[in-house]
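Right after this note come the structures.
Across the two complexes that follow, subunit A remains constant while its partner is subunit B and subsequently subunit C.
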Partner chain A sequence: MNDMRIADRAVDTHGIRIKASAVQVYYGESHAIKDVSVDILDKAVTAFIGPSGCGKSTFLRTLNRMNDTIPICKVQGSILLDGENIYDKRVDPVQLRAKVGMVFQKPNPFPKSIYDNVAYGPRIHGLTRSKAELDGIVESSLRKAALWNEVKDRLHAPGTGLSGGQQQRLCIARAVATSPEVLLMDEPCSALDPIATAQVEELIDELRSNFSVVIVTHSMQQAARVSQKTAFFHLGNLVEYGETSQIFTNPKDPRTESYITGRIG
Partner chain B sequence: MTVLPLLMILAVLAAAGFILGRQRALALAGGDTKKLHSLPAYYGWHAAIMAFVPAFCALIVWLLIQPFFIERAALSQLPAAVLEDSTASTLAMADVRRVAAGLDTAVAQGAMTEAAIETMDATVTDLRGELGKVGVALGSAVSSEVLAAAKQYRESVASASVVRAVVIILIAVAALARALKLTAPDFWARNRVEKVVLWLLMLASLIAILTTVGIIWSLLSESFNFFSQYPIGDFFFGLTWNPKFGGGSDLGFIPLFWGTIYITIIALLVAVPLGLFAAIYLAEYASKRTRAWVKPMIEVIAGIPTVVYGLFALITVGPFLRDFFAAPMGLGNSAASVMTAGIVIGLLNIPFISSLSDDIINAVPQSLRDGAFGLGSTKSETIRQVVLPAALPGVAGAILMGASRAIGETMIVVMGAGAAAKLSLNPFEAMTTMTVKIVGQLTGDTDFNSPETLVAFALGMTLFVITLLLNVMAVWIVRKYREQYE
Partner chain C sequence: MQDSHIVSSFDRDLEGVQAQVMKMGGLVEKALLDAAEALELRDEALAGKVRAADQAIDGLEEMIQTECARIIAQRAPTASDLRTVLTVMRLATALERSGDYAKNLAKRSLVLMGMAPVGTATGTVRRMAKLVVQQMSDALDAYIARDAVRAREIRARDQEIDQMYSGLFRQLLTYMLEDPRTITACMHLHFIAKNIERVGDHATGIAEQVIYLVEGELPSDDRPKHDAVSESI
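So, the complex of A and B:
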């Protein structure tokens, strides 16, 4: 892992954005997340790593209540976003998801033009008052997603016609356009080739200056490259959570060490 | 020997071929199936196919050619004057076939013997009366030429069937022997059998295509026949439909076309919103349990025969519309109306549109819904702005299929909208459609060569073209707007 950029990436101390305590998730009978407590920092990238089926994606989806769409899923414990419990009855999950955006594993652009894809969020939330303002949001979002130069001449071409890497950056631009406070990314590079992956990783690093980013990844190199904090999940438990440099160089738990050295997983 | 026992013999030969081929392959391999190129059953199938298929093909060719030769032999008995005129010889041949069939029946019932037929003389025996006794009615007395031709016909058929049986069985046995000779451990029986399966599949698709071609050909030839008797411009642009079976009728196509279009539009106005909303509810909102009983319930509607819908239109919907809408609004007092038929056809079409749209909406990838939810859309925003646009091409296809069905519907129109061809905008007026008139012009005792009858084929051709265009349009829409999902 020579390409790790840990040394030159000291974590700034920021406030806590999301405070999850004693979270339990059940899928029917099975207990998918067992008593997980995590603090997600503002303006930092937090990586969730762990073997398949360890619950990292499930936990990510509890952070914007995407699990609400699965009828058999039950969440207990408290998750505070800026001090407010997102599972409170008074919180509308739809409003919450506008504040906590999500990028998925497979690029999923809507069957609309590139422009309409990015404008989707601002339109449904009524964020703009004029066409010019909307144009501005679309442009700045595409710029933030490092896609503007590639698509500025064909904004009205269908989003599904882009390459895989471009589609994923379009989805990031779409998520960014609603100006969320937290951006959740569920294995955003698993369907991409190394070049597109590098572009998206660079993008994640830039997004850190505006948002709090949580990324689920199977690639430990990726976690080491892009994140400041890393959480290792195993069998539904949060085994270890700490500075990325500490997790990768000096893990405290023997299970973490076994996983990052490739003995379990 | 007739065809059926012959086919049974071929089947027995094929079964024997299967057993022999399989056993021979196993014996040649010394009982070790690993030494064989294919599984033993493939050698069996190969032998069975070889025994059956070539002989069967030969039989079909024989059956197609045989009548030609037999009729030529029989016709040689008829006077030369008859043979010169093609119509007369066709009629004479029909007589000959009828008499021959009558003699066959008489023999089968024991009323005559073969020897008696051999010596029979048409001038002495009253053949017409004799055959009448066994239930075969002849149009006229049998002349001696026709009797001679019929005797010749029966003789040729009898001898031909013996020769046929021998030849076909010989072909089958020879092919079976060849198959067994080919059978060897390194013979590629599996590949040969799979090639035959491929041909079978191609044949199946070819038959479907040939049927379409046959339908078009028969419609076209009769339509040309019609247009040679009735001016094409008067048909396509005529504003009155008034067939008179004494001649001098007006056969204008416009009133029927308008009736068809009007009823279809009303049917779609009923079926598309209801069907689509039902599909959205079922695909997106209904719980698994609700869906499990609502979907089959809706589909039950599709299983009801259209004539039952016709009754519903006739005794329920029609009078209801007349008493509560048409009469109070002063739009007429006819129970049979475009509205009645349109609404009932629309109800009939709901399950087609909802079922197809439901499948299409379900095929929209979950990842798109997740994406929309992840951006903070509500369920209805997701459906309206993401799911439906993605499903639109398929839904458009479903709607056009519904339109095709509405255009082709006959029974409900007869019972719901009547059979009077009118050109009117009033939806509570009785009108009729092309399909109803096709049936109307062809039923009853009619002269098959008059424009009043032949117009049915022209209407059929036009209907075919309209539905074909709709289907082509559906395919084009689906191709053009289809989203490629992985």
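So, the complex of A and C:
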């Protein structure tokens, strides 16, 4: 039926960006992620859903080694980004995070100007040679984040002076400024109103033409709206992973069914 | 999977529309049986009752569609809940059409009462109607039981109705060739038979919806077809 799809939701034409195999995560004694294997596609939005404490955020954080900052956290298994193990000793986590950007639940702009917020990453990674080049990156990043028109006349005003939705888009602009390959989003809309949420969702859909986007969300409707692939986590297990349309109309696992229809929390 | 939602009013919403659609099914079955009886026994009063009763069926259909739209808007159902709502909507549409056919049958039987009877056709029509109502009621039972196996059996059984229709078609053709004065009556009887055959198709459609509801996909295999009409034309 692939040739009969009505909307352009086809994802099976793209390659694999991240290949996670048999990933285990422990926080001290507690086994937080149990043997999770998943292929994250390029140029597609993948949503992680599941009840609180199911491990979806933990797993998201393994994808750019954010868990390194937690001393009792231990990660096993392999996570390949473009075929290279990101947990290899030779990999610099700072460089890795430039390639795998992250946007958090609460907008967290630096207490700097809008311009400096976006320019920060390219500056510390030495991505530009001239002021003009940096200006170019700031503008294109703000454009990609659909924020340019709203802030172009006040680039040197503090980023913290923007509205919540604008701040979140500023954080997205900051994340895309280092030209990442993957963008991780941990509940990027949960602190936003419905209009700002719609703007960010529209943005996510546009970002997918350039990046591989992975989003953790508590809103099942948001997962249904923005993603092409959905993974359902429960008690540290990856219960089901498939095309979003299939997960929401005809899930195969009874636990997925119970969760998305609101029968278990 | 647990049976009930965390939000219990969601369960009440779903149970509500499903109860309405079953009520609709009961009314449609009665309308078809009554209309066929009125035709065979030339019972004018009964035919009139069938015509009047269609309003209730139409009213129920509208109520179900409105309620389903509200559930979609307010509850955003997913997975089996979504399939339940979609199935209820399609069932309501199929039953409303079937109700219209029953009403049309009653209307035509009132016309036929003013003419000389033609052979044994009305008896055959009534047998056909009984068979179709059985199909319909089995399909609705399979729906309530969420029984895809039974739904497949019902789907395969539609052949019998098609064969009865083909037989009646040939019979009416013979009457008309023998005595052109029966043409008007035979044409009415033919439309009646054709409409009952269509109700059979709606019953098959309901059985297919049950398969969709349970398995998440409509059956893709073609069901057995035996159509002698094309040969006799």
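The working rule: the second predicted complex is superposed on the first by the 256 of 265 C-alpha atoms of A that agree within 3 Å, B and C clash if a C-alpha of one lies under 4 Å from a C-alpha of the other, contacts with A are read in each partner's own complex, and residues count from 1 in each chain.
The rule is short, and it goes like this: contacts are C-beta pairs under 8 Å (C-beta built on N, C-alpha and C of every residue); 3 or more make two chains touch, one makes a residue touch a chain.
All values derive from a computational prediction rather than experimental measurement.
Contact with neither subunit B nor subunit C is seen for A:194 once the two complexes are overlaid on the shared chain.
In the superposition on chain A, A:104 makes contact with subunit B only, not with subunit C.
In the superposition on chain A, A:94 contacts subunit B only, with no contact to subunit C.
Touch criterion not met for A:83: it reaches neither subunit B nor subunit C.
By the touch criterion defined above, A:64 lies against subunit B but remains apart from subunit C after alignment on the C-alpha atoms of chain A.
Shared-chain residue A:112: touches subunit B; no touch with subunit C. Of the two partners subunit B and subunit C, more residues of subunit A are touched by B.
In the superposition on chain A, A:178 makes contact with subunit B only, not with subunit C. Touch criterion met: A:125 reaches subunit B, while subunit C stays clear of it. According to the touch criterion, subunit A has no shared surface contacted by subunit B in one complex and subunit C in the other.
Interface of subunit A with subunit B (complex): residues 64, 66, 69, 71, 94-99, 101-104, 106, 108-112, 120-121, 124-125, 160, 171, 174-175, 178, 184.
Chain contact summary for the complex, subunit C toward subunit A: residues 1-7, 10, 76-83, 216-217.
By the touch rule above, subunit B contacts subunit A in their complex via residues 287, 365, 367-378, 381, 385-386, 389-390, 483-484, 486.
Taken in their complex, subunit A has these residues touching subunit C: 220-221, 224, 248-251, 254-258, 260-265.
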